[in-house]
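Shared between the two complexes below is subunit A, which has subunit B as its partner in the first and subunit C in the second.
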Partner chain A sequence: MNRTKPYSRTIPHPLFERLIVEDAMNEEKESWKPERPHEYGYFPGCVDFMDVEVKFTHLNKGDADHASIAAASIKLLNYADIDPLILDMNIFKCSGHDQLWQGQLEVFDALKEHNMRRLKESGIKIITCSCAECYRTFAVDYDLPGTLGIKVEHITQTLQGRGLKFKAPEGVTVAYHDPCRLGRMMGEYEAPRDLIQLVDGATMVELENNKERALCCGVSSMMYCNDATKAVRRKRLDQGTDAGIDLMLGGCPKCYMHMQCMLNEERMNPDEGHHHDYEMMDLMQFLVACLEEEN
Partner chain B sequence: MAEIDKNFMTTYAKVATHDGDDEPIQIWAKDADSYGGVGTDKLGIWGSVVGVDFDICVADGACVDACPVDVFDWIDTPNHPASDKKAIGAREPDCIVCRACEEVCPVDAILITDPADIGSGTTDTVIEKEEKPAEAVVENQTKVVSEATSLFFKKPNKWLTTAKNVLAKEELPTTGIEKAKSMFKNLRKMTLDALPRGKNYIALVDNEKCIGCTQCVYFCNFASIDMISWDLKARTSQFESKKALILDDTCTGCTLCAFACPVEAITMEARV
Partner chain C sequence: MNEDDAVEMIYEHQEEQQSLDTINKLEHREEHSVLEADMVKGEPLYPHEVTRDSVLSLYIIALFFYLSAFIPPPLHEAADPTAGTAFPPPLPDWYLLWAFGCLKVAWDIQILIPLSSIPFLGLNDIHLFLMTAKVWGTLVQGMIIGLVVAVPFLDRAIGALIDPQYGDVINRGHERRPIEDPVRAAIGVYGIALVIMLSVFSVNANIAMYYPQVNTDVLSQLTLWGPIGCALITYIFLDRRRSEGAKPLTDEERFDLYTDGITDRRMQRIYEFKLNRCYQCGLCDDICPVRDMEGENELNIIFNTFQNEHDGVAMWSCITCGMCTAVCPQNIEYIDYVLEQRALTTMGVSL
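Moving on, here comes the complex of A and B:
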């Protein structure tokens, strides 16, 4: 294990980032072909790598489960009569978003080269991601529409306007937390909100800072988590308490990870006196929970 | 529900062995009649260092996930009332006595005994008495941890539970969890091969390198790491935050924190 790279002194690498680097540097040459042609491809991203780390550490004393975001997305796509090709981590690699933003360019280039080759082999027309960071990376940094002619969508955009119906098992007040990559960078504010409006029984309220003025979850691209970033996150969570919500919904697995981590940490140290009486969830997990009544 | 007999090595008899990866696994039972072999409902305790009571084991899988050195395997045990497969300590010599599996087991079916205590404990009853306080300490410590973390389970996220129930109804494709798990274990194995470990070693933090990211706190199985604010002089010029402090009375030298540290600030040093 080579951890003495120049950047490792200034940027901390949680284990799952080390896993991605390890994966990126294993070159795979053999070609791959999907069993049958698909129009849509679904890219789950690195949720499983996150899960391995989160489940192994005590971060999982809560019930965070990132892999269920991928499973929920597949189920919702099937519900919308889309049969996606699953671009999973056995064949693809991480999109390399964090590596690019941390300045590990050689790792990013290795990941990009592998994924571009695989995407060419897959023959899909549209790629959809449940992760806002993957969405931005594919659309802007890979420039898939320009290079391979593949349209890039966030899963909320794919599911929008397909006449889906959801019903919440009980009345619930939710707020949508705009991920920076989906909102400010890609300008998509309405698709996730439209999806939440479709849920019968869910009341959507806006947090004090919303849309282009939304606050960050504090740990952009896994750069650093310290007292200052935790203060940003606590400010965001306080806005949720002020709005009187039962659930905060995000469009990015990283927002879910960091917010839930903070909620768990607060519950682990009750004597510090910070408490937020609601849960963070990914929008896909919430929609799947509201699917039951329909079937 | 009963838990594993803490003194099974003195009160139980050795009845059979089973093939492990490197060394055979000892099977213990109260007497020869209470062991029926695989395929019956009388299985006894399997393993000495990693003792798993197969009559209690419900195949939850928590130990398999928790083990940092990949000791456990599954073995099929048809016709057993508790579960039809069991977690077997197939790579018992790899055990680093970190007791993570003991802590996570939902039915308390696992007892880890330090290999150094085994030879003396079975032959000499006096030493066996000295062992008891050590086990009591471990028990207390486990209780403290479960009290601290029980808050989490008071209010489970019912929405996430609902979502998981909906997802469980259908077989959805996995997206690479097996690959991620095996890569994680390989990385862990590499760290273990590179570092000294065991109860004669303790993890030490270099304050100059520590950036206060708390990764080690989340990894430690024994609540053995605290974050401490030192005076300003002790902080590095680059990062101003709390530093990790490892408590020597509960550190077991399992190297998990050294594995988790992103800046190589934790080293394993021999105890003096």
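Moving on, here comes the complex of A and C:
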């Protein structure tokens, strides 16, 4: 078979992945105990590492702020009368999703062993994640319900049906971009949409491909970012322009990162003629913005 | 005429030619289509092959007639299974014993007309032979084979009589596991047991030579009641299992059975078990976002994996979005395969 196009076959190591791998290989033996018992635990994921990544490399000159997803999630959980235990990177390590899907099983096993030990010590009943990848990894690859008896929820499932009320600052048209891990792999399509329906003044439209047929953001597990993956992303962004939206909402920080990166790149190079006249936001950031407006 | 006008004219001419070509292709699409070209290859059944086969068959039949008419039979008279001159009697091969048994259990069918019971006439009874045992026993063999051939037709006819919607059994099939249909399973067990008992009955003289107490009467009773007993036991057992609530196995249970039963080549993952179900419909290929962007016509993902033909490109450029699994009619979990292949490839490479 003759191939005319060259394919890149290496796995690049972004900065934050090197940090996570170094972190995984340092074994911590001492035990840890939370100050008081909690029913819920909130796992923010590697958003801190992502911020480090986009600031240290010149991949993204925009104003993407990933740590605000974690802050917004905690604020929303408190608003719903939930007092979560924050399972941040001081105590826990990365869930290991990217390492697993890149085939680095040694790193994944080290991370999993550490996190399982910490989860056993924490004594929580339910763990909730704002990241779709962490959600899938905890539910399927760690199998927490089967091994430790801890229920795993995405944050949209936790917030669903708790009588929350939001008000959008103005009449905005939003669309929800289904992350592959939350939608196709875990089968959750309705909880984020229900949350968006709660927002007064926001009109939700469906993109051309939605739910099972939703297009991917193009970079899964930080494998690489090349012309082909950018084309996948641009196809998704074009669908947003076709639907005439003001905001695209994602349920996964990785979707937010890659989409926002693409939008910023287009704004920096206006000569290329690709322009999408809207913003990408994480669902949690959007909801907390609507919350503040009401207060 | 200046240069721009000339260029414009050339463009117009080219466009016109292209549109003409397109119309031409559309009109003669059937003549040039690959399918059409494939279909005219080979010869039609009628009259080509029918004529050739008929000539050959008739030639061979004529040859047999010639030989049988002019060459006397080398053997003597036809064999008589009831003669019993030799001891122990000659037996056919083991796989034909059931047919021999049919000949032996057959009886003369005769009708008794009891004329002597009519008073004042003084007539004798009349025994009317309908069939001798030889003819009847031979016919039974044909009837058994005919019954096996007729099973699908009878099955559908009876089903349609009982439940009119059951008539489309050809489209949806019916239950195959014995537990789901105890009646058919019992009938099948009856047939197998009957064949075995007929074979045993056919060697009755040889058995009686060593075990005199097992005489012909005992054997004939066993041949009659044994298969019926087997069928009843099967029906009762299966019906009880059904009432206990035995359900069809799930994919995972079937996979476990499979791996327990096979020791030479053990399938390691459920995706491998499911990958064999791929019938190359190509839906995954149509929906794949990667193929859309970089593969053009070359990246038929699951099909190539099935054929072991992908060279690693699909494995590393896959973005594991799971769209192929979402559209797959067989629900093959392709990304599990990608996950494991990546782990195998990077083993020892990472750190």
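Note that the second predicted complex is superposed on the first by the 282 of 295 C-alpha atoms of A that agree within 3 Å, B and C clash if a C-alpha of one lies under 4 Å from a C-alpha of the other, contacts with A are read in each partner's own complex, and residues count from 1 in each chain.
In the analysis below, a contact is a pair of C-beta atoms (placed from the backbone, for glycine too) under 8 Å apart; a residue touches a chain by one contact, two chains touch by 3 or more.
Just so we're clear, the structure is a prediction, and the values are computed from it rather than from any experiment.
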item	value
Contacts of A:243 with subunit B and subunit C, given as first, second, both or neither	neither
Partner chain in contact with A:52 - subunit B first, subunit C second, else both or neither	first
Touching partner for A:126 - first (subunit B), second (subunit C), both, neither	neither
Which superposed partner A:80 touches (first subunit B, second subunit C, both, neither)	neither
First, second, both or neither for A:223, with subunit B first and subunit C second	second
Shared contact residues on subunit A - subunit B and subunit C	1, 3, 9
Residues of subunit A that touch subunit B when the two form their complex	1, 3-4, 8-10, 12-15, 18-19, 22-23, 44, 47-49, 51-53, 55-59, 61-63, 65, 67-68, 70-72, 74-75, 86, 88-90, 169, 172, 224-227, 247, 264, 267-268, 270, 279, 281, 285-286, 288-289, 291-292
Subunit B to subunit A touching residues, read off their complex	65-66, 68, 148-149, 151-152, 156-157, 159-167, 170, 172-181, 183-184, 187, 190-191, 194, 211-215, 217-220, 238-239, 241-242, 259-260, 262-264
Contacting residues of subunit C [partner subunit A, same complex]	287, 289-290, 292-294, 298, 311-313, 316-317, 319-323, 325-327, 339, 341-347, 350-351
Contacting residues of subunit A [partner subunit C, same complex]	1, 3, 5, 7, 9, 11, 21, 25, 99-107, 180, 184-185, 212-213, 215-216, 218-221, 223, 228-229, 231-232, 235
